[in-house]
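So that you can tell them apart, the chains are marked A, B, C and D in the order they are listed, and the count of residues begins at 1 in each.
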Amino acid sequence: MKKTMVKILEEVDLDQPIFIEALPGIGHVGKMAADHIIAELDAVKFAEIYSPSFPPQVMVNDEGIIDTMKNEFYYLKSAGEDKEDYILLVGNTQGLSPEGQYEVCGLILDLVEKHGVKEIYTLGCLATGQPVKKTKIFGAATDKKMAEKLKKYDVTMRSADGGIIGASGLLLGMGTLRNMSGACLMGETPGYFIDAEAAKAILNVLLAILKLDVDTEKLDERAEETKKMISKAQKMEQEMAERMTLKPGEEDLRYIG
Amino acid sequence: MKKTMVKILEEVDLDQPIFIEALPGIGHVGKMAADHIIAELDAVKFAEIYSPSFPPQVMVNDEGIIDTMKNEFYYLKSAGEDKEDYILLVGNTQGLSPEGQYEVCGLILDLVEKHGVKEIYTLGCLATGQPVKKTKIFGAATDKKMAEKLKKYDVTMRSADGGIIGASGLLLGMGTLRNMSGACLMGETPGYFIDAEAAKAILNVLLAILKLDVDTEKLDERAEETKKMISKAQKMEQEMAERMTLKPGEEDLRYIG
Amino acid sequence: MKKTMVKILEEVDLDQPIFIEALPGIGHVGKMAADHIIAELDAVKFAEIYSPSFPPQVMVNDEGIIDTMKNEFYYLKSAGEDKEDYILLVGNTQGLSPEGQYEVCGLILDLVEKHGVKEIYTLGCLATGQPVKKTKIFGAATDKKMAEKLKKYDVTMRSADGGIIGASGLLLGMGTLRNMSGACLMGETPGYFIDAEAAKAILNVLLAILKLDVDTEKLDERAEETKKMISKAQKMEQEMAERMTLKPGEEDLRYIG
Amino acid sequence: MKKTMVKILEEVDLDQPIFIEALPGIGHVGKMAADHIIAELDAVKFAEIYSPSFPPQVMVNDEGIIDTMKNEFYYLKSAGEDKEDYILLVGNTQGLSPEGQYEVCGLILDLVEKHGVKEIYTLGCLATGQPVKKTKIFGAATDKKMAEKLKKYDVTMRSADGGIIGASGLLLGMGTLRNMSGACLMGETPGYFIDAEAAKAILNVLLAILKLDVDTEKLDERAEETKKMISKAQKMEQEMAERMTLKPGEEDLRYIG
C-alpha cells in the first residue's frame, strides 16, 4: 500500500449533499456529535479510506478483536426538515504527516465533490485550558455569507488568535479551491477530558443549522463508550510520537510487535 | 533504491501455507521464537526484502563483517502433525516511517498472498514495566472464530487498553482487507531485557497452535547470541533516533560515516 | 493533492523581470518590505502556489474568515527609474520538509525562468540575539560581480559563520544551476520581535538596488497589521512543531479539529 | 526538483576504478583525507549530485559567496604504483532522511558501477568520547577476504558493539547486492574536534592499501581550512535539527530567510 485507498462499499446517488466532517481531534467533541447523528438516524456507511499516512498500527477492542485505522463515510437521504441529503465523515485517525493530510483531504474532497457537495461543516473544538461554565460555540467560515449564517445560530466568530490545524481546517481551505462554501464549528472545552458537554452544545448548533431533528438523550451514554475508545487511541498516538522522538538513554518500553 | 525491493532467492511452490511474522520489537521475544523454529526445523530462506524505509546503515558482526538491513522469508514444507506448509518472516529491522511500514507490509502481504496464505500469526510482546512471575500469553484476533481458537490454547484475549503498533498489528489489519484471518500473540515481559522466558512461553503456545514439534532445549543458548545482536541493533536505532532529534547545543558524537 | 500546484491567475508577458523573494522567516523583515512595495506600487497578483508540504492548516482572520496556506506571485511592469519589470513572491508559509522546500523552490524557479528572470534578490534577516543600534544590512551573493554590486549599496558581505536556510538560500543556490545571478539581503535584528526598523533598512537598500521609488511612510502602520498576522502564524507553526514532538505524559491541548 | 539529480561534467573512461567515499561525518576525518588526495594528485571533478533530501540551504564562504549543497565525484587515472584508476566522492552534506540516504546511495552506486567499480573503501571515524593517545584505525569489511587484507595494514577489525550509520555503511551494504567488495576504515577520535591526527592516520593506511604516494606535509595546513568550513556546516545542521524539533515556548531565533 503506497497510496491512500478509497474503498467504495455502496454506489449511492445523492442530491447535492451537505458534508459534515468529524475526524478525531482534541476533546473528540466533533466525533461524539457525528457518531450520535449516525446512530440515531441510521446513517449508512458507503465508503472507507485507508492510508499509508495513518498510524502504522491497529486498535484492539474489548473482546480482543482488532480494528484497522480508517476514515468512514456515511450518508443520509432525504433527512430532516428540508429532506436534504447528507454525507458524514468519521474515523479513528487522521494523517500523521503534512503530506499525508493533504493527500487524504484531497481524496475526501474528490469523493464528496463527485456527489455534488457544495457546503461543508467541520467539527472541532477550541481548547482553552480554562474551566468552561457554559460551552460557547466558536466558528470560522470560508466567506462572509457563511459567517453571517453562523451568527444567526449563536456561533461566536473566532477572532485572530490562531488557526485551524488538521482536516477540519484543510478540508475548508482546499474546498474553497473547488468553490465549496463551509464553516468550522468549534466547541469550547478545557481540553483535558472527553467533553460530552461540548459535544452536546456543538450537536445542538449543528442540528439547528442542518435542520435535522435528533434525540440527544443517549449522547451521554454514548460518550462513555467513546471515552474508552478514545483514551485508547490517544495512548497509541502518544506511543507513536514517543517512538519517533526517543532520546538517548531512553528505552522504549511500549513497543509491541 | 527509491522503492522497497523483494528479492526472490528460490521459486517455491507452497500449499496454503500458514504465515508467521516475527520481526524485531521490544524484548525480541517473537524473533527468538521464530529463529529457533527456523534453526531446529531447517527452514529454507526463499526471499529477502530491502527497503529505503529501513535504517540507512549496516550491522557489523563479531568478525567485523557487515550485514545489510533486511527482512527474510523462510519456508517449511509438509511440517508438523498435519503436514502443513509454513512461511516465517524474520529480519533485523522494521520500516522507520509510517509510510514505510505500510509499503513494506503491503509487499509482504503481496508475496504471501501469492503463495495462498489465509492465516497469519504475528509474534510480539506486551511490556508491562512490571516484574513477571509466570509469563502470560496475550492475544488479539481478526475475528471471533480466531479468538475462540486462541482461548483453547490458554491465550488471554487482550482487553481494551491499547493497540498493536508496527508490523505485528499492520499485517493483521491489512490482511483483513485480503480476507486473511489472523492473530497476534504477545508474551508478557517486563520489557527491560532480552526475555528468553517470554520467548519460550510464546514458542510453546505457537507450536501447539501450529501443531509443530520442536525441541526447545537450545533456546536459552540461542537467546545469548540473539541478545548480543539485538543490543547492537537497539544501540544503532537509538543513534538514529538521536540524530533525528538533536537539540541545540548538543553535539552528535556518535555519528560514524 | 499529492503534488505542489501552481495556479496561474493571469497570463502575463514580462521582459526579463527581476525576481524578489520575501517568504516569511524570523523577524518577517523581508515580508514587511515586500508587502509594502506591493501595496504602494499596486503590484498585481498573477499566480499562487499550494503545496502538500505546507502546514496542513488554515489561518483565521479578524472576522473569522479562513485563508489557505499559500505563496503568491505579484508583478510590476515598467516600474522605477529604468522601467524594469519585477516579480515579487510573498506568502504565509514555506515548505515544512527538506523535500518540500526543494520541490516548491524548483517550481518557483520554473515559473520565473519561463518569464526570463536572470536576477534574484531574496530577503531575510540575521538574528544576532543582541540589541541592534543601527540596522546593518548583510549580504551574500552567487558570484563576485554581484558581491561587488552589493558593496556599492553599503551591504556588508557576510563572512563565514553560517549559511542561509530555507527558500532565501535555496532559490539562490538552485538558481545558479539555471545561470541566474542573485543575492540575499539580510537585515540585522535581535530576532525577538517583528522588526519594522530592520524592514525599513532592508527596504531602503532594496529600493536603491532595484532603482524603485516608494514612499516608506506607511511602513510602520503596515508593520502593525503584519505583526498581528505573523504572531498568529508563528503560534500555529509552533503548534505543528509541538504536535510532531509530543513527549510521553504531555497532552496536546492545542489541537483543533 | 523532486528527484536527486546527477550532473555529469565530463564523460570519462575509467578502467575498473577503485571507489573511495569520504562524505562528511563526525570528526570529518575521511573528508580531510580525501580532500588532501584530491588536491595533491590533481584529481579531476567529473560529476555532481544534487538532492531534495540534502538540507534545504546554501553555505556562505569567507567572501560572502554562496555554495550549494552537493556531493562531488573526482577521478584519478593511472595513478600510484599499480597505475590504477580511482573515483573519489566528497561533498558538504549527506541525505537527511533514511529514504534520501537510500536514494542518493543508490544513484552513487549506479554511477560507479557504470564505470566498472568492484572495490569500495568508505572513510569514517569511531568517536570514542575518550582522549586518544595513538590513533587506531578500525575496519569493517563486506567479506572475509577483504577483512584479511585489512589486517595486513594494521587495521583492527571492529567487534560487535555497533554498526555503521550513513553513506559509509549504506554504500558497502547496497554494494554487496551488486557484487562489490569493500571496507569501511574508521579513525579513532575523541570526536569533539576536527581531528587532523585521525585524518593523517587514516590517510596513511588508505594510501598503503591503495598503493598511492602522496605528500602528507600540507595536511595540517588544509585541516585548518577544513575546520572553518566544517564548523559552519555543523552549525547549520544543528539549526536544521532545531527547527525540526522546536519545543513549545521556544522561539526559533536562528531562522534566516
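Operating definition for what follows: a contact is a pair of C-beta atoms (placed from the backbone, for glycine too) under 8 Å apart; a residue touches a chain by one contact, two chains touch by 3 or more.
Since we're looking at a predicted model, the values are computed, not measured.
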- Item | Chains contacting each of chain A and chain C, listed by label | none
- Any chance you could name the chains that touch chain A and chain B both? none
- Item | Farthest chain (mean CA position) relative to chain A | D
- The C-alpha superposition of chain B onto chain D, two copies of one sequence, needs a rotation in degrees (nearest 5) of 90
- Query: Can we say the copies chain C and chain D touch using the same residue numbers, with more than half in common, or are the two sides different?
  - Reply: different
- Task: Using mean C-alpha positions as chain centres, tell me how far chain C is from chain D in Å, no decimals.
- Result: 34
- Message: Suppose each chain is reduced to the average of its Cα coordinates; what separation in Å results between chain B and chain C?
- Response: 48
- Item | Shared interface positions of chain D, touching two or more other chains | 244-245
- If you go through all the chains, which pairs of them touch? A-B, A-C, B-D, C-D
- Parts of chain B lying in touch with chain A, wherever the complex brings them together: 23, 25-26, 94-95, 98-99, 101-103, 105-106, 122, 124-127, 129, 139-144, 147, 150, 157-170, 172-174, 176-177, 184, 186, 191-192, 234, 238, 241-242, 244-245
- Message: Quick check: in the complex, which residue numbers of chain B touch chain D?
- Response: 1-2, 7, 50-69, 96-97, 100, 228-229, 232-233, 235-236, 239-240, 243-248, 251-257
